[in-house]
Every structure is written in structure tokens, then in C-alpha cells.
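There are two complexes below, and they share chain A, which is joined by chain B in the first and by chain C in the second.
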Partner chain A sequence: MSLDHDPAQTPGNDTLGQKIDAANQTALERMTSARPVLKSVAIARDVIPALQERRLLHAGPPIDWPRMSGPMRGAVIGAAIFEGWAKDAESAEAMAKSGEIDFAPCHHHQTVGPMAGVTSPSMAVYVVENETHGNLAYSNLNEGYGKVLRYGAYSSEVLDRLRWMNQTMAPLVRKALESSGGLDVRTLLAEALHMGDEGHNRNKAGSLLMLKALAPGLTASGAEPADISETLAFIGDTALSVLNPVMAACKAMADVAHGIEHCTLVSTMARNGTDFGIRISGLGDRWFTAPAATPDGLYFTGFSADDANPDIGDSTITETAGIGAFAMAAAPAIVSFVSGSPQDALHSTLEMYEITVGEHPHFTIPPLDFRGSPVGIDVRKVVELGITPRVNTGIAHREAGIGQVGAGLVRPPMEIFEQALTAFAELHDIG
Partner chain B sequence: MSLDHDPAQTPGNDTLGQKIDAANQTALERMTSARPVLKSVAIARDVIPALQERRLLHAGPPIDWPRMSGPMRGAVIGAAIFEGWAKDAESAEAMAKSGEIDFAPCHHHQTVGPMAGVTSPSMAVYVVENETHGNLAYSNLNEGYGKVLRYGAYSSEVLDRLRWMNQTMAPLVRKALESSGGLDVRTLLAEALHMGDEGHNRNKAGSLLMLKALAPGLTASGAEPADISETLAFIGDTALSVLNPVMAACKAMADVAHGIEHCTLVSTMARNGTDFGIRISGLGDRWFTAPAATPDGLYFTGFSADDANPDIGDSTITETAGIGAFAMAAAPAIVSFVSGSPQDALHSTLEMYEITVGEHPHFTIPPLDFRGSPVGIDVRKVVELGITPRVNTGIAHREAGIGQVGAGLVRPPMEIFEQALTAFAELHDIG
Partner chain C sequence: MTAPDTPSVVRHRVRSGAYHDSIVLMRLQSSLADLDGVEDAGAVMATDTNLALLRANRLLPDPIPKAGPEDLWIAVRAETAEQAEAALEEIDALLAHRNSDTDGSWRPRSLRGASRLLPGARWVLISVPGRFAAGVARQALDMHRNVFLYSDNVSLDDERELKRLARDRGLFVLGPDCGTAMIGGTGLGFANRTRRGPVGLIAASGTGLQAVASRVHALGEGISHAIGTGGRDLHREIGAITTLQALDLLARDSFTRVICLISKPPSPEVAAKILRAASRLEKPVVVGFLGYPSPGRRLGNLHFARDLEEIADLALECLASTATPPSDGGAARPSYPRAYLRGLFSGGTLAYEALLSLRPLLLPLASNLGADGVEPLDDPTRSSGHCIVDLGADELTVGRLHPMMDPDAAKRRLEQEAADPEVAVILMDLVLGDVAHENPAATLVDTIAAICDRPDSPRIVLAVIGTEQDPQGLEQQMEALREAGAQVCLGLRDAIDACLHLLPEQTSPEQTSSSAPEAEKQPDPKDLEGPISAWNVGLESLHDSLVGQTSEVLHVEWRPPAGGNERLAALLKKLS
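Right after this comes the complex of A and B.
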């Protein structure tokens, strides 16, 4: 095995093995020393140049309308109406089908979005800056529960909420963030992992920590008390409020580990509802994709696995950065939402140490004696051990316009890691 | 053993053993079915008749000035100045010494207070109602960290904060509570135990849940934005904000388990900084006391065990009601504050199952597969097994005027349980 991470076992190729190990350590150090700070809220087109055109960003690897799943199509329809490009679902669908709307992955534009991840030019986005390395990342605002765009719903209730978020909530949150100098998301996550969150599907504590950070500044903003009150209630009542800034923070951390020569770490994992895709730090911007699996999980009353869309969303950026299912041992209570037992939650984290190259110096797990969470997925280890990364996720209805039907557990297809390892071997002339 | 809880082993006295078991089950059912709701904030004298005189309530069993410890004396001095009874520490001390101030335990007046627990007529108090059984309980407001009255500090900084709490914070919190119909503390605690709190020394999540519940109503109260902002910051920045309403909630739960004939459950555990005292449900209002131990724990920089006062405070009402050290398995991160390892935290809860008669139906512990927390301390089991209840606690400096020096773990003296069991045997003519 010429790519083996133990030089002692690879007498003929020590040099490449050592280069890989060194590159992986560099990437790990960069990812774990990144300090993402939530700085502001902006309108997407003002900070993401790609959105100065009639384009929508979406979750996962590249995809065009014909191959998009139901929830992704639903979110595209909703965004086209929200933007005023289309007056109804029919005309929105016609535009999308005819190529009048351009599509690009969020990940190509320093952006991530949960579930469909559809981000349109007028939408408010969180602005996260990695203060260690200076790079920026963006994510849209969390819409709460029920009928929401990210799960493919696009009724007037969904669009009205998006408008309220843009017009009322976003300017207030921006004021509160700018008056406080920003919110250190790494510190928030470190604290939340000690409060039973894993940072992906369970963000109860983190969302309350965000509420705590924003509340005094919101109140002192001089805005209408009714608007402030409504905003505080919305943030407080949504236990996923902080998911979106956390995802942007993870993107800011993962991005600085990308593009390092000889590095075999996974720098992107994302799903568009049709395909699961990964990118490898040392393999540039090439995606390795295969059909996404359908999560195993618990369904809301009235729904079953028959309703489930395959895995969707950029939220796997959390697992990429060492939280989510990788830190599930910190969040035993999550099993009542995603299925399994507290022991399974412990095992989720323990298994992920097998395929990672480090332990996070900032994200520690109390039930594991404050051991750092497993971070830095090594594609070599995934293939060698036959262990794919674990992912906690929400489950969308497979049809456009419906919404969330449950939450559960999923893994990416092994073949994308095999493809990536083969590509790495080819790049380095190993046959 | 004629008091034995296993009738099979007590052929000659089945009747009493069965009566005890039945009484204990009644007490347990009452304690665990109580639903304490934080309803309002009031001025102590308006809701606690005993405070219509020149009297101070204090933590723990009865005690007079000569036997009071340093932190208790410091809190008395501060309260006397706060009330305007004395102009400085010297005159306050003279008044207390001369008998011009009456003292009574909080516990005698449906009240509990952390550490010194000193509650004076003008102070704002939380009003908790047990909606299942209709009884009320009170607790003062948490002062946050640093120099605080409850740890025996009484500088102008301490008194100014108390005045701000009374004049600004209390009316706002009352408005928010009354506009929302109250805050269900049992539900809050159940959620907080799934978020890494144990409800006594670690109330990070619970305090944020309280912030979340109060923030929208506070903001819509029509008060000055600066006052609202300051109140939100104060509640959010104090990770013990909810401790006081939680204690009042536990008092409301424990009180309905008190006064049941033949019941051997502990219905009160409290310390005044000199003595540790307990009361037993079936033994009326009699206290069983012995010198309080000094906690083992971690000290703040510059302090050591030499500075520590013996155990103090009514906050052991949390352990009495089945949380705190009894639910420590839910709070592995607490060990960085009180000492020990996450494994010790698990063992704390597991050991407490040995001396309790039930598992709480509402307070469940995720790392123990959602097992209910141990609740209902049976004095028979404590004596028979030689296992005293565990307590998590703050540590006060032994001198008046200084404040908190650390946090740690402590147990009540075994002899008070032996005294109580002897008294129970005497009452029932068993010798």
C-alpha cells in the first residue's frame, strides 16, 4: 500500500507517505486553529459576487434541474417566487427548466446551506470570518420548523416568513452583532458540546447561547419593541437557530484545510438530495459523487420511510469539521430525535476516531473524559478500514412543497472515497 | 430490624414496615407529581407574613447570632444595611448581637435561599406555585458572581446590586412572568438535565432556558430599553440565574412530602454554615443537626481549604428533590468546577439509587439510558447502608465580607440520620 500512513510499512515509498502525513498534519493544524467569528448579516448579492446574476446557490455537488430531487425543486420554486422572478410555482418551474435560472453549489462560493441550501440574491446571510486565517464564509438564516424552504416547502406561509426574516430579523441581528463586535462561534460550540449538543442535529444549547449573546444588543438597538420581542422569540424557540452560523463556521474552518498538496483529508462532504459528494484537500476542486442514501431514522407522525428523500444538505460540513455525528458522544439526549441509544451515541464518536487524523483541541467531549472530538477524515483510513463517516441529519419529504418528515442517521457511499483514493494514486503515479 | 423496608425480613412487625413503605410511596408520589410553576416576583414582606417584623430569614436549621459563621454574619450585616436598619457594619453587628433583629430559618416560612440564604423584608423574591397541590414557595433573586451577599460580602457594590435587582430587574421579571402565565420549572429542569445541568451547581442550560422564556415578554414590557437590555445581560451572564427559582420549585415539591405519618423520607436538608440539619416527613418539624463538614473541592486562585467555611445553604433542597448531586450523571462537564472525573459524576447518581425509594418520572438522565433520577431519601437506607446523601455545593470564605472561594462536594454527617432513625423508633415504641 504505497499511500499507507505508516512509513514503516511502506519501505519503497516512504517519501510519499511522509509527504501525505505532513500535509495532513498541516491541514489538521489549519482546520483546528481556525477561529470563526460571526461578524454580521448581509444581503447575499452584496457579499457573494456569483449572486449578482439570476443564479441560485444550492446544497451539495453540482446539479441541474432535470436531476434535482423534489425538495430541491421545491426550494428553487420558492426562491424564484421570493426573488420576484416568477409569480407562481408553474412559472418558476418553467424558468428553471428552460435554463433561465443558473445553478451553482453553495460550496463553490464560500457558502453552505442546510437541506436544499437554496440561497438567492436577496436573501439575508450570516457573515462568518475566520479570524486566524482571514477567510469568510456565509450561510442563510434558519427558518425554524414546520413548512420551510430548506425542506422544499414554498407556500405563502414559507415566503412570508422569509420576508419577515429579511426585513425585520436580519437588520436587528446585524445591529446586535456589529454592536458586540461579533460572536465567537468556536467558543460557543465548545460550550455547547458541554451542554449536550453535537452541533448538527442538536443545537439547543448553542441556539440559547446565541440568544444570550444577541439579546442585550437587540434590545438596545432602538428598534420597535414588538419587532425585538418577535425576533427574540423566533431565535429562542428555534433550537436550530445557531445551526446556520455553525455551518458557516465549519465551512470557514474546512476551507483553510483545502487545496494542500499531498493532503488526503476530506475538506468537503455535501449532498444535493440526489448525489453525495466529497472533495479532497489535495485533489483540488474535483467532486467525487455517487447516489445519496436515504437516512435511517425516526419519522414524524403520519410519515414513514416511503416518504423520505435521499440525503440532502451542506450540513455535513459539521462532520467534516469534527462535530455533528463525530461529537455525538457529547449529546446522549439526541437519540430521542434521531433514533438509537445513548450507547450508540458514544460508539458513533469512538468509531470516528478510527478514520480521522486528530482530536480537536477546542471541541472536547465530557463523557469521554474531555477527549477532543475526532477531526480530519483521512480518505486512506476510510477505504482501508471500510468505515465511512457517520452523519446525523434531518429527513425531507421526497416531493416538492411538503417539508420535513423526520430525522436520522446516514453514511456516504463508500465508492466516493474509493474514487477519490484512486484519483489520488493516479495523480501521484501510483498504480 | 423492625423498621426494615422489606416486610419479609420482619415477621414480627410487618404492620409497621408496611405502613412505612406505604407512607413513603405516598410521599414519593406527592413529591414527584408536584408541578412547580414560577408565577411572579414579589416583595418578601408582602408574601411572607414573618417578614412583616424586623426579622431575617436564613439558610439551614435555626441559629442565633453567637453561633453564626462568618459568611452568615456578613450576610446579616449586609441585609441590615440594605433594610436601612443600620448605617454600617458595626451598628448592624451591634443590633444583631443585642437581639434587635429576629432570626428564623427560611424553611420555616416556605422559603429557601442559597448559601447564607438571608432574606429580608424588602427583598424581591420569586413566587413558585405547585400547581398540583396548590402550595407556594419563595426564594430570593440570584446576585450573580463575585462579591455577593449570599457568600457573606456586604460592600457597597453588593448593596448597590441588590438595590438594582429590587428596583429594576424584579419589576421587569414580574411583568414578563405575569404576561406569560408563568414558567413551568419542572419542564425547564427536565430539559436542563438533558443539556448537561444537574440543577444545583450547574444551571447553565436552565438559566438560558429562563432567559429564553423571559426575553420576549421583557422586551414587550414597555420599560426603558436600557433597563431591559441590562436585565437580559444580567440573567444571561449568570449561569446560576435559575438556581433560586429551581430551589423554590424543589421546596414546593419537598413540602408536600412532609408531615406524612410513618414516612421515613428526608423532606429537608439544609445547612446554616455551622450545622447541617435534616427533617423527616413522619417526624414533624423537629430538626436533627450536627456540625457541618467542610466541602472537598476546587478553589479559586489565591484561596485554599484553609479559607473555607463549613457547608452552608438551603440549596441541598435540590438533592432532597432528586436533582443536584443526585442527577450528577447528567452533568459530566460539572467536574471541571467541583472536582472529580466524569466517571465520578456517574457514580454519584448510581450510589444515590441505593438510599432512595424511587426514580423521578420527569427528571431523566440521558447517559443512564434516560433512567429517572434517584429521589426520596429513606433515612432507614442511609443508616443501614452507611451511605449519606451526596451534595454539590459552592464554598464560602469563613470570614464575613469576603465571598465565594470555590466549589466542591460534601456529605451531611451520618449522626443526624442516626438521631432521626432513633427518634422515629422511639415515636413508634420500638427500642
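Right after this comes the complex of A and C.
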């Protein structure tokens, strides 16, 4: 009678499964011990080397002009005019079509951007530093509501606002941040989750915490009182102000979990309005993509699902880092997106524990008795259980320039996780 | 107690950038203060005000250290440095403490998910389609949970592997194709509502278990535990792994006073293994192997029933009887390689009775007497294995007196058997009466004494047949043999019981070569304590039946791995 004992537990003899589990724990530990601090505001080309050329960064996996969706094209046109590369929409479009403008995913350059995510060389960006591991991440500044570049609007009103943000708001915020030594985004998020935010679709509390943190520095900056007042009002009026630094913070956390051998955790989830793409820590910079779905949600008056663009934006970095839809239980105020009751919000988070390898030590959820939010999406669990990550998201109009038409819930296509699992198996000679 | 003048010790930890709600910190603080030797504790975000407060409570050194409002400061004042450090080591565990998860409406999708919501569950009920069942069961065992495996169509290979895995970890796999069990008063699967009582059931038959349990109830008694083993547990390929575990556990369960074994006819080898194990328990065991040729009504503590009703009836008789099972008088059992019994009989019918009684327990059993299931002895002058020899058989008495008149042949055969290093017990008869030898004991005592004087010798048991009016003197004969070192019984029945108690645990090459017994863990009696707590994977009706019994149960919304995609499921297996 032979008993099937486990193979020897010596390090050199670990099974592939054990190596994966160990690598995933390492990645989880890195991601959750990262401490992102919002340090400053800079001009993109000064901090992102790729933007020293005529290039635009965009949300999601790589995409070229012919496959870009309406809002993405609109944002590209707007950025080209903002940069002074083109004088109007037609010439911008012609440039983009002819290849005169280079495109690259934000994710390839330590950057993330909501919706279209288009980031151009002259734009102001937040600079977030992970003080634990030393890496940096960037995101553009939030433009508020209505006609905005991130939804593909490029009217003069949009471009004027971008210029004001660059010229007036950015230097003031930089001064305030630098005088205070920075804003600990992890702590801010931890607190905001206890105030009804989930960090992706609801950032009301976090944005006010940011306003509170910046206010003393802003008012002491010595700038024109009118500029200070306008800046305070702009940040305070936009309940999404903190979303961009939060995304950069999540990027800084996710990046340190990327590129770990044998790791099956998802280190990137992002959409470009055409495709949904993921990257797996142990599979390097390879994207796995499939057509993005249209979110399920609630629409503003006058709009319907017919108007919706497929899912778009880098903001899924929040779910990747264990907040957003993963922390839905913390945000009962926005449960209508997930179909109704606070119980559904709890279930959203509980479902995500099924596909994650850990609980976040800093992001805790009061209605779950302060349990840590689910973090570290394991592609194995996604495929095994048939549960894709939940994503809370805004919904863009499919035509450029109309803007946000609703908000809701979306999930990535299952096939990209299956592709990734297959590729991982191939890499390790399993077939 | 600490003397008032003993200075206490303050230790602290700083967690930079760790935000916790103040309620959580207050809870942490009070939990720390409850720990051994801790006088006071503080857990605060390190604002100036908070630090000053800590210092006022003698929880901080002076001057106040430099820290920021984003730092979590945890300080403990204790009687000794060790106690303070020990308390600080508990921070993570205390912070991780959760009261509850939800209102119970969430259904997890995996065993892992279930383990977070109902971590205290000791049982997993599995009723998923057969081809997935072994995988789920293996996962449950890996998570150190007992398995109630309702699913059928699980291969014999999988069953054996699962049960061995379970046995090594001190866990049960009840099943596969286990329709029913009653654990600590909680019915799993098909189960009748019976009162609890001292009757423990072990059944490889679901309806058999239900029939016996119901009758025990009808007769006014109750069930301690009813353990379903799955219909194939007594097959040779499985070797009664679960039945033997259950026997062991019920033997140790103080609530159970009588054990009933219920099965369709088992394989003879497996039956022997079970009966050997059962025969050495201190509790009466009712054997209800339907259609199995029973060796008699009773053998030691074993009571043989002919049908399901009789199983219950005999169980109740055992409860009513005050007789305690015969003890082995404290004699130590011989040790390996002494494994075999040799029976040396002058009386042919006595030899036959011994043969039929021991046949189900001692496999293989050889004899110069022919009987079903008994191996012929090639050379009747030489024993091997377990062996019953009729010394009065024609081939052994050619040219001699019958051994009842001339015990010399028995004496020489006794010496021969005692010289065999594999012999553990030698059973002999000694028949008194007219015409028999005038002092048969006298011819044997020197030999017996010589054997018993040797270190690690085989034990000798004598069955004396006779009356106190017999010319040899019953008492004198028995006393002489006893004095020589033999265990002496009046009649054959008690002698056979004594032999069973003296035989060592059954040893076979299979059992001695592989798992050392210490590698196996015994199932934990706590796992049988009701009301049980369980996860249910598969049929919702099994979940619902537990809810009705006020057990804690969590239903897992199980789906086939990778949605039934076999290619991906195979990859996942290799990557796990």
C-alpha cells in the first residue's frame, strides 16, 4: 500500500502550483505594502520621457487610429489642437490618420488616465511616489463634468479649461503639495472607504479629504485670492477630483506586483473603448485583449444603452488594486448601479473574495466588520470559478464630445482570462 | 499578582501610514488590555493630543517621540517585558478578528469562499456529479474537513485514494454513494428522526442504517452516531478504511455503549479484518453482515445477527445485559512476528467448533479438517499460519492410542508449535472423564511451564471439558495447568474468546510495510459533536434538510471548474 505523500517540501522541489502560490503571495505583499504619496504636479514631458516626442498616451491596451472609438478619437483631436500640432479637427484627424502622431498606452509609461485617458506632452500630471518601493506613477488632472476631453469633447470650452488647469490650478496645487510634504493617498483611501466611497465611481468623500488637505497650502501660497478661490471651488465642485491621483496611486501599487516570475495575478486591467485588455504579472508586458462590453447601468435623462460606447478607461486600475467595485460593500450610496439593495453591494464585494488571493490590510470595509477589501486577482480562480472581476464605471457616449451618459457595472470578457491562463501554461510547458 | 512596587514595562509598535477607524482601534485597545499580564494599552493615530493622552496614562516615555498623525501608535503596559511583547505580537490577530460577515444571504462559489464565511464547519456535504466529486472531496480534505460524499459514480481508485488521504489526516470520507448518516444527532442526507441514545451504527448500507435506527427508536432506545461508509467500503479494494476508523472512534466515544455493524455480505478478508478489530473492543458489537455465514450467536464481544431487526434487538439486549466482556486477565499480547494461532485438539467436534468460530476472523485458516473457506493442511504434522489441527484424525493416530487416552502426541505437538517464532497463541483442549487419561494435566505441565518460562513465548490457552465429578478432579486439573502458566477456561467458548484477546493486531505484509501507525491520525471525536456545522456543495435539498435541524450550514453555489471546459480544467489542475 503506497500512500500519496506530498513531494518533499524543499525549495528546489516545489511543484509549479507551490511556486505560483509563493509568487502570488510575494506580489500581494508588494502591492499591499506599497505606500503611494501624491508628491507634486508636473508637466508631462518633464517627467515622462516618452512624451518628449509627438506622441499621445491613451487608456487601455495598444490601439491605432482606425480602430479607435468615437470618444477616443475626439480626445486625440482635442489633444492635438491643445498641443498646437493641429489648428482644427480636420487637420488633427488627418495627422492621426497619416501616422504623424504616435500612440502608446499610458500603462507602458507608468501613467493612467480615466476614460480616453489621453495625455499629451504639455498637460499637467499628478506625480505619485510609492514610498515603500520608490517607483513613480502619473495621471492627468480631472476636468470635472460636462464637456470634457476624457469623453472625447474638444470644443474651445474644453481646451480653455485645460489651459486654465495647466496655467493656474496646477502650479497652485504643486505648491500646496510641496509645502505639506505630500498627500498620503493610501491613508486617504482607507478613510474614504469608511465614508461611503469605493474609490472608483464614488469619490465624494475622498475628493473632500483632498480639498481639506490642500486648502491650507493653497491659501498660504501667496497667489491671487481669485485664483485660489477658483481652484478651491473647482476641486470641491468635482466629486471625482481625487479619482486621478487615486488611479496613479493604484498604478504605483499594481506596478510593484508586475513582472514577478510564476505570478498569476492580474497586474493590469484597462480598456481603450474598443478592447478590454489585461496583463498578468508573470507574463510580462503581453496584453490579452478582446472586444470591450457595453456597461450595464443607469443613464442620464435623454440617454439610453443605444448611446453607450463600449467600456473605456484605465480606471479599472482601482479594481486591480482592490478598491472600486471590489470595495462596493463600502459604498451603499451607489448601489443602484449594481441593481438596487445594499445587500447587492455586499454581495459584489463578497463575490470578489472568490477570485482574489488576499485581503487588503489598509483598505477595510465597515459593513463587512472591517474586513480587508479583496485584492490580488488570480487568473486561475477567475477561470476555475467562471467569475470575472466586477468593474464600476462611467459610461461614455459613443460619439465624440457628448460626454458621460451614465454609470454602471461592467465585466471584462472571460476569454481574455482564458487566453492568459493558456499562455501561462504554455510558458511553463504545460499543454 | 504583582507587588505594587514592581515597576511595569511599556512596549510599543509604530505602524506608519496604517489607517484604522477609531472604533476599530478602541476595540483593539480593549482586547490588548484583556491579555495576560497587560495593565493598560493604547492604540491611537499619533496626533499630538493622542500621544499626550498616552503619556498621561503612563503608556509613553517622556519626552514624547516624534510621530505623525498618519502613524498608528500601539503601546502596552504590562507586568513583564515578555508579557508586553507577547501582547504586541497579537496585534494582527486581533485586528483580523471579525464578528460576522453578512446577514447570511451570500452564497459562496467555492470551498475557499465558504471557509471564510463559516470557518468553524467540520463537515463538507458533497453531491455534485460523480466525475467532479472526487476533485471537490480532495479539496475538502486538503482543507482538513470531513466529507459526506453523497455523489455516486466515483471510481474505486478515487475512493481508495480519498479514504487513504482522509485516514492519514484523521478525517472521514463517508461514501461515495453515502445516502445517510447521523452525526451527533444531526441527520445528513436521508435520515430518520430518532432520539439520541447509546447505540452507535456503522453501515455500508443506507436503508439498512435507516431500518436499524428506526427500530432502535421504536424499541425505546436511541442512536449516538450512525456512520454511513458508502456501499463499497467493505470491498477488498477499499479494505473497510472508513468502517475501521468509525469502529475506533465509536469505541472511544463515551456516549456509545454498543456498536452495530451493518452491511451486505463483505469480502471474507475484509470481514476478518473488521471482526478482528471489533473483537478487541471493550464494547459489545452487533455484527449484521446480511447473508454472511455467522460463526455462531456470540464470539467474545461479537454478537451475530441474522437480519436487520435482529441487529436492533441484539443491541438492546447488550444494553440490558450487565455482563462485561471477558477480559484477557491483563496478560500481555505477544509481539510481532508472533502473529498466529495454533489449535491442537484431541476432540474432533471441538476442533470443528473452533474452526467454524475462528474462520471468519483468522484468514487464511488452515486445518486437517475440511470445511468451506478453510485451507487444507498439506502435511498435517506441520502447521503454518493460523491453523487448527485435529490430533485425533485418522492420519495422525495410525498405530497409536487416541490422544484423549494418550496425551503424549499433544505434548510433542505443543513443543513443536512453541518452537515456531511466528506462533502467538496455542489453543488446546483437555477432555476429562471416564476412559480418558487418568491425569492429562500432569503430562503437560512440565512442557507448559518450560515454554512459559522462556522470554517472549507464545501464550497457551486450555479449554477443559469435564465436570467436578470426573475421576481426574476438574479443579485440580485446571489449577495444575494454571500454575504451569497456561490460561485455563472451562469449555471452548471462553477459551476462544481468550485467544482472540491474546492475538496481536492483525498484521499482514500490506499493513506492516507502508504507513507506520503513528503516521495515521485518529479522527477527532469533536468532529462528531452535534449540532454539526457544514458546507454543502451540490444538491440544495441536503442544505435545506440541515437548516431544518438548526445546524449551521452554508450552501456553496458550485459549478464545474472552468464551466466544464475540460482543456482549461486540465490546465488548472496542473497549475494548482
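Here is the rule we use: the second predicted complex is superposed on the first by the 413 of 431 C-alpha atoms of A that agree within 3 Å, B and C clash if a C-alpha of one lies under 4 Å from a C-alpha of the other, contacts with A are read in each partner's own complex, and residues count from 1 in each chain.
One rule holds in what follows: a residue touches a chain if its C-beta (ideal position, glycine included) is under 8 Å from a C-beta of that chain, and two chains touch if they have at least 3 such contacts.
All values reported here derive from a predicted model rather than from experimental measurement.
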| item | value |
| --- | --- |
| Contacts of A:Asp369 with chain B and chain C, given as first, second, both or neither | both |
| First (chain B), second (chain C), both or neither touched by A:Ala333 | first |
| Which superposed partner A:His194 touches (first chain B, second chain C, both, neither) | both |
| Touching partner for A:Asp64 - first (chain B), second (chain C), both, neither | neither |
| Which of chain B and chain C A:Glu230 touches, first, second, both or neither | first |
| Which superposed partner A:Ile20 touches (first chain B, second chain C, both, neither) | second |
| Contact residues of chain A, present in both the chain B and the chain C interface | 191, 194, 343, 366, 368-370 |
| Contacting residues of chain A [partner chain C, same complex] | 1-4, 16-17, 20, 35, 184, 186-187, 190-191, 194, 264, 343, 346-347, 350-351, 353-354, 361-362, 364, 366, 368-371, 380-381, 383-387, 418, 421-422, 424-425, 428, 430 |
| Residues of chain C that touch chain A when the two form their complex | 16-21, 24, 70, 98-103, 105-106, 108-110, 112-113, 116-117, 161, 164-165, 168, 510-511, 513-515, 519, 559, 561-563, 565, 568-569, 571-572, 574-576 |
| Sites on chain B touched by chain A in the complex | 191, 194-197, 204-205, 208-209, 211-213, 215-220, 222, 225-226, 228-230, 232-233, 236-237, 332-333, 335-336, 341-343, 366-370 |
